[in-house]
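By letter and in written order, the chains are A, B and C; residue numbering begins at 1 in each of them.
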Amino acid sequence: MTFWLLLTVNSVTFGGLLFLLSAGFSLIFGLMRIPNLTHGSMFMVGAYLGTSLLSGALGITLNFWLAAVIGAVEVALLGALMERLLLRRLAGQQLAQVLVTLGVSFMAADLCLMGWGGDPISVATPPALAGFLRFGGAVFPLYRLAVILIAAVVALALWLMLERTRLGAMIRAGVDDPQMARVVGIRVSQLFTIVFALGAGLAGFAGMIGGPILSVYPGLDQDMLPLALVVVILGGTGSLLGSFVGSIIVGFIYNFGQALLPELAYFILFLPMVLVLALRPQGLFGGQVL
Amino acid sequence: MFRKLTPRKENLAFRKMTRRALLAGTAAGTAAALARFPTPAIAQAAPFKLGLLTVKTGPLAQGGIQMEQGVLTYLKETNYTMGGRKVDLVSADTGGNPAGTKTKAQELIERDKVDAILGPLAAFELLAITDYIREQKTPTLSVAGADDLTQRRPNPYFLRAAAASSQAMQPMGHYAATEMKLKRVVTISEDFAFGYEQMGGFQSAFQQDGGCIVSKLWPPLVTPDYTPYAAQISDCDGVCQGFAGSNPLRFMKAYANTGLKYPVVTGETGGDDALLKSFGEEAIGLISCTPYTVDLDTAGNNRFVEGMLKNYDTIPGQYAAIMYVSCQVIAAGLQAVGGDASDKEKFMAALRAVSLTDTPRGPVKFDHFGNIVGTFYVRRLGTEGAKYGLKLWNKTIKTYENVSQFWTWPEQEFLAHPVYSRDYPPLTKC
Amino acid sequence: MTGRRIGVAVAILALIAVPFVIGEVYYVNIASQILLYAIFALGLNVLVGYAGLVSLGHAGLFGVAAYVTAYLLAAGYGHLVAILAAIAAGLVVTAGFAALALRATGISFIMISLALGEIIWGLAYRWISLTNGDNGISVATRPAPFGLPLTSARGFYDATLVVFLVAVAACAIFVRSPFGAALCGTRDQPRRMNTLGYHVWMIRFWAFMFSGLLTSVAGILFVYYNEFISPQALALTASAEGLLMVISGGAGTLLGPVIGAALVVIVKNVVSAYVTRWNFVLGAIFVLIVVFMPEGLVPGSVRFWRWVTASRRPRVAATVVERESRP
């Protein structure tokens, strides 16, 4: 019983983390039609920048949450820069986009190795959340519960943004019909930069939030990118609800698969993705932003 | 960052010339060569070419970078000489994958004509090139564990100054059963040969001394979150983990997060000193048995640790230490053959006969399979005795001397059972 | 046309002469690797370049053939059996891939192919009782077709060259055939092709099969070259590298994938001997190619050459245009 409870809570935690990572990925994908293969790198860079802010290696020492937010802002700026300098000129050319995002992810991985070395960096759990919650016979780390809460808050904020703000309306219009959006006077170019930066920032934020669970190490980017892809494909591109549901599903499949069927863990992780693609290529919630 | 191109080419040309001269074998040919290169002895004049197969990119880079630092620390200390000869180091990045290792081994042996190879890092890299180095007769000193390369599939050109995968775990099993008085242990390690062999060694020794393995868990090498596995640990009084790379950090964290409090024991990678600066408080109490400990207070080790701190400002772990020791072994072997490594069989025989007393890991000698017979250290992770600005430290609590890869079993008996695997030794009823 | 034929003949002679010119065993081996990956890239190019379907899962197909070869050889079967079975298995899996992936085009196709590739990688990596997991499978022998042993670097190069030339010829014939033209049609104008009575799905399916065949052949050569196979050869990075070869050289050209394969293999193996941060170099090269020659190195160079020769010609052409443009 304890075992199942623990796995369930953990699945939701992992799902929450995946949601932070993949929400931006999904929006970028849905709006700009860019398969952004640097998304895993953004997760990793966010985590590395966050650890440096946390440890004071950059001259200032911040607490965990500030480090996570400022790290995320930095990654968002890097994302905006990348969109302006590189992706901008490749609109509509999927081949070139694949090539350039892969190229940048190679470079980012190597730069991180240069800058932070190969040693894994473990991120201390914020002291206030270092404790445990006891329930039945099981013990739940507070931090993992907090991750669920953070993911829920971010999801709510994104939903409000998409539903209630002008920016959100423009994004929805853009995902629905990019040409029409342009016709009715939405400045698509500016919108793209904003969404790309937002997605990058969320990924960077997720990296730091994941830090106390996953720690930061070279190769983290490649570990996370396929998971984000699965989520987005399962949920449908450009759909916030889709990435939310997809994240939770993948969180459960991942945790229970590893525990119960380790030999086929990857098989059952990617199989639903193939099935969804074959039976419903647009994903579970494809085409609807919310 | 960029290796010098020109000297390398010169060396190559030079070496070709001397080789051709040697092959000619006539007095005239030799004389002509000598006239061209007016140096007293050709063998000593050409640098000894040392190849290093390491990993500088990707997830295994941490260990790979330490390997190179260990080698360079040795070379700087000896002013790039070994056994009286100048040393030319050629290092190659395998990228941590077997196909890359094969290509890079070819590069070192066929293009750079190295006299000996240090590395590679991982067992699966070594397995991909073992037939090749045997064909090429290139002495190879690796940190990789792969038991059978010094047991049932011995390679005459392979020498291991680190430890066979199961070697450190056998004393660990003994210690866990006899001193920690553990009875029921759950093992958890990566799902590949290094993990199987470590856990197999632990299980054999632990069971021999009255312990029992409750269950074995095998997460894959890439496991972002260990909680699903930690959640399966129950009904035991201890845990044995055999993780490598950065995985011990994450496992210990997930373990603590699951609320587990059983004592944890581990081997050379799971408690590696290079991880001390990354471990958090959750790792306190971790017991590890390793072939190298930074805690060893001998002249040989202090010189090495100071070198690492001076050159790289880094606390050495086992990868750096073993490479440094391997350099010492090569230097001693080269000394024994008078600096002439051209006869590979003779050179290899000399390397196997090397016996050293004061290396950073203590005394070193090899068994007839080319595997280390040496001291193993059981340490407890805590704050006691921490040095070099570290908060945590592995404090030695027991040493096992002259540990062979066969532990206390007779060699024949040990070799009669199959190599340790996922299912061997089998689980017995507890 | 005769100029072109002479060019082809010179190129073939040059390729045959490679081992004699470079001599060093190591570089001959690198040349074999380039040819092997060029076959892989040519196979991928059939889909990427001519069908407009970007696959990020081809390393999976490559791996199926490689694993079947290694598995059967390790189990004691002969080379002929292993190779034929590997090709058969490769084709069967390709058919499955195609059936699932061809339900979509564009980005969705990329994603399905990626997922399929990851499934095969996941099986190779985790189905340890079959594949030996991370430890991989070793193959101790290379075949000796017609009594010619392939154990030496030269022998292997020659054999790979023969396979490579057959593959290039097959691609050339394929491209010029009516089927090739129809395939390009499905890439550029799928709806129109449909209206014209072509079975678009079927055309794409057979193109996929042809691509899978070339990829399987490359996978078999890979096993024989390395005498070893492990899951890393199937990973997403391997698929990505294949794609990079095609795109950087120039998708939809015959020469492009070959040049791209040479570029990637050389950076990975030769440049990495001099530059520690070779991954950065590789990444930077791809970004620069996209920025300055978005169509790939081969078409880009052709364009550049035309531009150079055009600008060198006296400005007659320009003035003519100017005059004509005036009413």
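The criterion applied here is as follows: a residue touches a chain if its C-beta (ideal position, glycine included) is under 8 Å from a C-beta of that chain, and two chains touch if they have at least 3 such contacts.
Remember, it's a predicted structure, so these values are computed and weren't measured experimentally.
Ranking every chain by how far its Cα centroid lies from the centroid of chain C, the top place goes to B.
If you compare A-B with A-C, the chain pair joined by more contacting C-beta pairs is A-C. One inter-chain figure worth recording: chain A and chain B are separated by 37 Å, centre to centre, where each centre is the mean of the chain's CA atoms.
Note: centroid distance chain A to chain C, computed from Cα atoms, is 32 Å. Among all residues of chain B, those that touch two or more other chains are 57, 191, 220.
For chain A, the set of residues that touch two or more other chains comprises 109-110, 222, 262, 265. Shared contact sites, meaning residues of chain C that touch two or more other chains, fall at 125-126, 128, 277, 279. Partner chain A is touched in their complex by these residues of chain B: 57-59, 61-65, 191, 218-220, 222-225, 227-229, 231-232, 234, 245-246, 249-250, 253-254, 257-259, 274-275, 277-280.
Against chain A, the residues of chain C that register as touching in their complex are 48, 54, 56, 100, 103-104, 106-108, 110-112, 114-116, 118-119, 121-123, 125-129, 236-237, 240, 243-244, 247-248, 251, 277, 279-280, 282-287, 289-291, 294. Only residues 24-27, 29-30, 33, 125-126, 128, 133-136, 138, 140, 222, 226-228, 230, 232-233, 268-269, 272-279 of chain C touch chain B when the two sit together in their complex. Those residues of chain B that touch chain C in the complex are listed here as 1-3, 5, 56-57, 92-93, 95, 97-100, 102-104, 106-107, 110-111, 123-124, 127-128, 131-132, 191-193, 220-221, 422.
Every residue of chain A that touches chain B in the complex is listed here, in rising order: 3, 6-7, 10, 14, 109-110, 113, 117-122, 124, 132, 138-139, 141, 143-144, 212-215, 217-219, 222-224, 227, 254-256, 258-259, 262, 265.
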